[in-house]
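Pasting the structures in now, so scroll down.
Look for chain A in each of the two complexes below; its partner is chain B in the first and chain C in the second.
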Partner chain A sequence: MSHDLNPKDKKKVFRQRLQRVHVATGISFSLLMYVAVFFGIFAILLPYIQVWEKPSRHFQTADITKIDYSSMIEPIISNPDFPRNNIIITLPGYQHDPALKISHEFVEPIVFNPSTQKLLDNEKDQSQLAEFLNHMHYGRPFKTFGYLLFGFMAVAGMFLIIGGLIQVILIKYKNNGKNSVSKFSKWHRKIFTWVFPPFIIITLTGAMMNIGYFGSAPMAFMASSGKTAQVWNLAGPVLFPPLPTIEKKNDTVPMLEINQLIKKAKEVNPQIDFQKLTLINWKDSSALIKLEGYNPYKPFLNGISNKPSVVLSGVDGKLISHTKVLDKHWSGLVYDSVFFLHLLFGVDAFTRLFIAAIMAMSTFALGFGVLLWLEKKARKFPNNIPVYQWMGKLSLSIMIGVIPATGLLFALQWILPFDLENRFLIQKSLFALMWLSTLTWSFYRLNSYQTAKEFLYLGGILFMISPLLHFFNSGFSPLELLNNSMTNILSVDIGLFIFGFLFIFVAYKLPTTKDKIQNFWTNKL
Partner chain B sequence: MKKIFLFVFMILGFTTSYAHTLLLDVVDNKNNTITVIGKFSTGDKAEDAMVRLESLSTAQVLYKKRLPSQSELTIQIPKEPYQIVLDGGPESVIVQKGIAPLEGFTKNIKTKKDVDAKLTKSQQTIDSWTLTTIIFFILCLTLLILTLVFSYKNTNKILHMIKINHL
Partner chain C sequence: MKSKIILTYKKLSIPERSSTKIGLFRTICAIFGGLLVAYLAMTVLIFIIPGTPGESIVVPVLFNTMAWSFASLWISLSPSKLIALKRTFIPSLIFSLIIIIMF
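Entry: the complex of A and B
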């Protein structure tokens, strides 16, 4: 019993327990955590992928100051069948989408090429690659079960990070060990110590989004004296205040042109990059336009719940209200600053790549953690016996098998015809099939390193051919993409090619025999 | 253990209450009018959702109007058989058979294939298993079974190797 021990032994027992609980929790959640982080890298680059994946978005980004919005918007909203209230116009450039979108809760979105002012044949549900990658990041394909599973995994992630740091502080780890176990341990600790600050915020917000809103139901119930169990009924009106209901005059009057209204809003607040316009009671003499966007001069404080806005009269452009970044309730500022690092709304390519690099490093740290556990198990076997262990095979399939499966997802995006029935269902089903087949192959092969090599080669090839398939089937060569200022799309092609090349390089370097593997890890790490 | 189950069920219970589904309610006013009410399962109003009455004999739109701010419309019942459509955009279209007037419908329904094709169909996000899903599911299941078979065979192989190693 620990209370019979002297203080020195008590400390020792505490450290031992800390290590054991870290190992048990870590190995239980490591694969899920890896999946979330791996797909998180793609989710970070979502704005670029969602433009790359759609043929309808392959056009030059227009100069937003020279776009004639009125000629596209007016004919749509003048249609008597089109709703007159709460019409949403998403301006080109929002989330790097070059298209102009007119939407309403009860109407299918209408999409324009702002340069040619032509209606676009939107792919709708036929193309959902970026969205699917994002859904894989937080367990959405498994619905409520997925949310809960990934949410609890994020909680476990926070526990592991904090517990791991306590261990690093309390236990004097040696970094000069020469065997593979000590190398895995060293890099697992080192990387997580470096990435600790952003990682803890990302896991905290992830847990909040997946289980925090559901889990806070009892608290919401108590706080509202039994009026509601849904936290959004309480937090929603503070974070996302609804537009006030404005009585219609029930007349029809001419509206000021959208271009003029945008210009007026720019004069009111030149710091805002306007992204979304909401038309209220349009064509009525009570008409209002709410122009909201992102203020890049105040990062971390706006972009999610806090959207600085200018409200003008639709009739004469008179200023009705002006909301600046710091006008938001303090809870909104806290909410935005905490979620900013996770959702990355409005940030530039450099910041996205920086966070993606941190996430990529985290996948390595997770990989080293799992390898450390597996290597300790493998030590029990003599050198001439292959290590055939279920967790090793499962880890191999999930951590390395995900590479060819995701590569196939990208390649299929430009192989499958866009008018194919059930296109997206076939694409994601083939992805699942490929991922599952890596599990079957892992259990079929005795040598896991040989299997890893094969998966990396296959994944590398699939990632490398994806841009080639894109060039061929989209009809745009790299030069044309460059000359037509479609650098967002070209950068995805380059990224995929580099990604694929790196996998092939690692596959080439990876040894397959037990003795060479030990040398590989001890010399390379 | 009971407490853990209770907690999980409680969370699952709360998660299901988050659904935001469009609902259609039709009231017979018994004076040859109906009141069409559109609302969400959360209690929110469905202002601006389109209400259409479509003839079942010709597929013609007999009446159409977007829901006002009160989220309900009182409509004269047509003389011919019809269906009520509440169009809430993609994946959210509700169709309900129309209520007959007090004196009954004066026209009969002529079931024609082309008319049926023109009529709006209900579109609610229902997770149904299509043939494609079933095929892929069977393939996945086959792979899982193969995994178990390989695991069994290889484990035996390793055990045999260990046995020889100890001899």
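Entry: the complex of A and C
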């Protein structure tokens, strides 16, 4: 007796299996992937939200070329009690933050408004909206468990992308089907074939950040012939070269003004946008200043680990060393080019919006994938029987329920007073509560489309009122924001309003009866 | 005993006619076997890429997870359980040998 299949059957079984593993993995990780991508959109816009959420950052953006750094920095660092080594100064404009920051390992950061040169009252832990949205993006609220879970999800994501591509190549799908199942299938495939190149790179780096470092210990052990199991002991000096340790002379000499040092560094390399200054052994005759930044003329090659820098002597501004973008070891350049699309450090608003749009499309593609699976389950029943399926309810609450929950998070940012104790704890607890209540509500309701409609209305309203609350409680009207060149803040308001409006529009259009739904998907999509 | 082993071998080597059920055997082979194959392959890559360990470890650490997903997919698509096992252990063995030689 022979068990061998003939070639035709072999091919058929292979293709079926290809689809089967895709469906099984896809449906198991779909909701996690959706959460990561959904909050990822907010993480892309993090620099803008970070400014929008803080009353202390509501001031006119100063003209970078005309800021007098010395008058702010000098009084702080000439204070004899202030530490003298490794003082870090973050220049305004870094990650779109208009403030100037002076920080040190052992000192609370000091924040300045560069246009008025006044000290700012930093909110610190009271305002963490943007950071929280970013944490939700990679599972940080659940600590190590969250990291691992999201990391495995990213690996599954790559598995799905590769498997999906093979399917699209091998299997001849028809695009002209008229029922809702074939429409979902068509759009799930179409969108992902468009967006897979950035998507797979972003998933790859995501997996690396969440589980790649964790799991690299045996590899580091073998690579170093048993000397160390810490990957950073090996790769750290290559990717992030440490500052040179220099002998202190233990004297006090006058330093050159920061303004002049920045000017000198600009002459050395005019291409770099300087972001961060590090003062080493300041006020000593061995003093050095390291100015590092981002070179926008060489995107993809710098910004993450590769930071072009100029090191000058603090005494007379003599050039000590000069590191250009391409001076990096090639492995560092590979590292930066892969991470560039994910972390988007130093890129302009257009690139950020473009990537955000790609990711928004991906959320739709993910949604269509889940809808396809659900529709195949529901198709077994005639139209007059309502289908109650646990996965459908769960995905409804996670995928649509996250919208009112996030809307509440934004609305609460400007409702809760900033001096409220445990302000951020209350804010995120209410967010969690809202999300959980959507879970209960979606399991309670029989008609999922009706529930989706309600969630979208609620989310839309919350998103739409949050800019209004912002205008009212911050005391800045849209016109004032515009006139005082706070366009970064105003654009977040506009974005939130448009977001909210879109949700309400979709909610208005969404049908609720089963035959209308079928009609909607087949004719409108 | 011997005939039992042969019987198991024969049973494992039957290609599955239906692909609707993925099965625990295949799943475990794909997830853990895939990880093993990918991890060892990437470790071999460290020795192949020239440079100090610090320089050559960056790319393998970066692409480790992607290699995992590739290997998992490859193993999960094997026609029979035996092939899934072979796809797990043969490359792992080869890569381990290379690592032992080069370590």
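Criterion: the second predicted complex is superposed on the first by the 522 of 525 C-alpha atoms of A that agree within 3 Å, B and C clash if a C-alpha of one lies under 4 Å from a C-alpha of the other, contacts with A are read in each partner's own complex, and residues count from 1 in each chain.
Simple rule for what comes next: a residue touches a chain if its C-beta (ideal position, glycine included) is under 8 Å from a C-beta of that chain, and two chains touch if they have at least 3 such contacts.
Only a predicted model underlies this, so the values are computations on that prediction, with no experimental measurement involved.
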{"item": "Partner chain(s) touched by A:129 [first = chain B, second = chain C, both, neither]", "value": "neither"}
{"item": "Touching partner for A:120 - first (chain B), second (chain C), both, neither", "value": "neither"}
{"item": "Touched partner set for A:49, first chain B, second chain C, both or neither", "value": "neither"}
{"item": "Contacts of A:239 with chain B and chain C, given as first, second, both or neither", "value": "second"}
{"item": "Which of chain B and chain C A:390 touches, first, second, both or neither", "value": "first"}
{"item": "Partner chain in contact with A:214 - chain B first, chain C second, else both or neither", "value": "first"}
{"item": "Chain B versus chain C as contact partner of A:10, first or second or both or neither", "value": "second"}
{"item": "First, second, both or neither for A:361, with chain B first and chain C second", "value": "neither"}
{"item": "Doubly contacted chain A residues - partners chain C and chain B", "value": "211, 215, 218"}
{"item": "List of chain B residues in touch with chain A within their complex", "value": "10-12, 14-18, 46-50, 64, 66, 69, 87-90, 92, 130, 132-133, 136, 139-140, 143-144, 146-147, 150-151, 154-155, 157-158, 161-162, 165"}
{"item": "In the complex with chain B, residue positions of chain A that touch it", "value": "81, 83-86, 104-108, 124, 144, 147-148, 211, 214-215, 217-218, 229-230, 232, 245, 248, 382, 384-386, 388, 390, 393, 422, 425-426, 429-430, 432-433, 436-437, 439-440, 443-444, 446"}
{"item": "Of all residues in chain C, those that touch chain A in their complex", "value": "13-20, 22, 30, 39, 42-43, 46-47, 49, 51-66, 68-70, 72-73, 76-77, 79, 99, 103"}
{"item": "Parts of chain A lying in touch with chain C, wherever the complex brings them together", "value": "3-5, 9-10, 13-14, 16-18, 20-21, 24, 151, 154-156, 158-159, 162-163, 166, 200, 204-205, 207-208, 211-213, 215-216, 218-220, 222-225, 231, 234-239, 329, 331-332, 334-335, 338"}
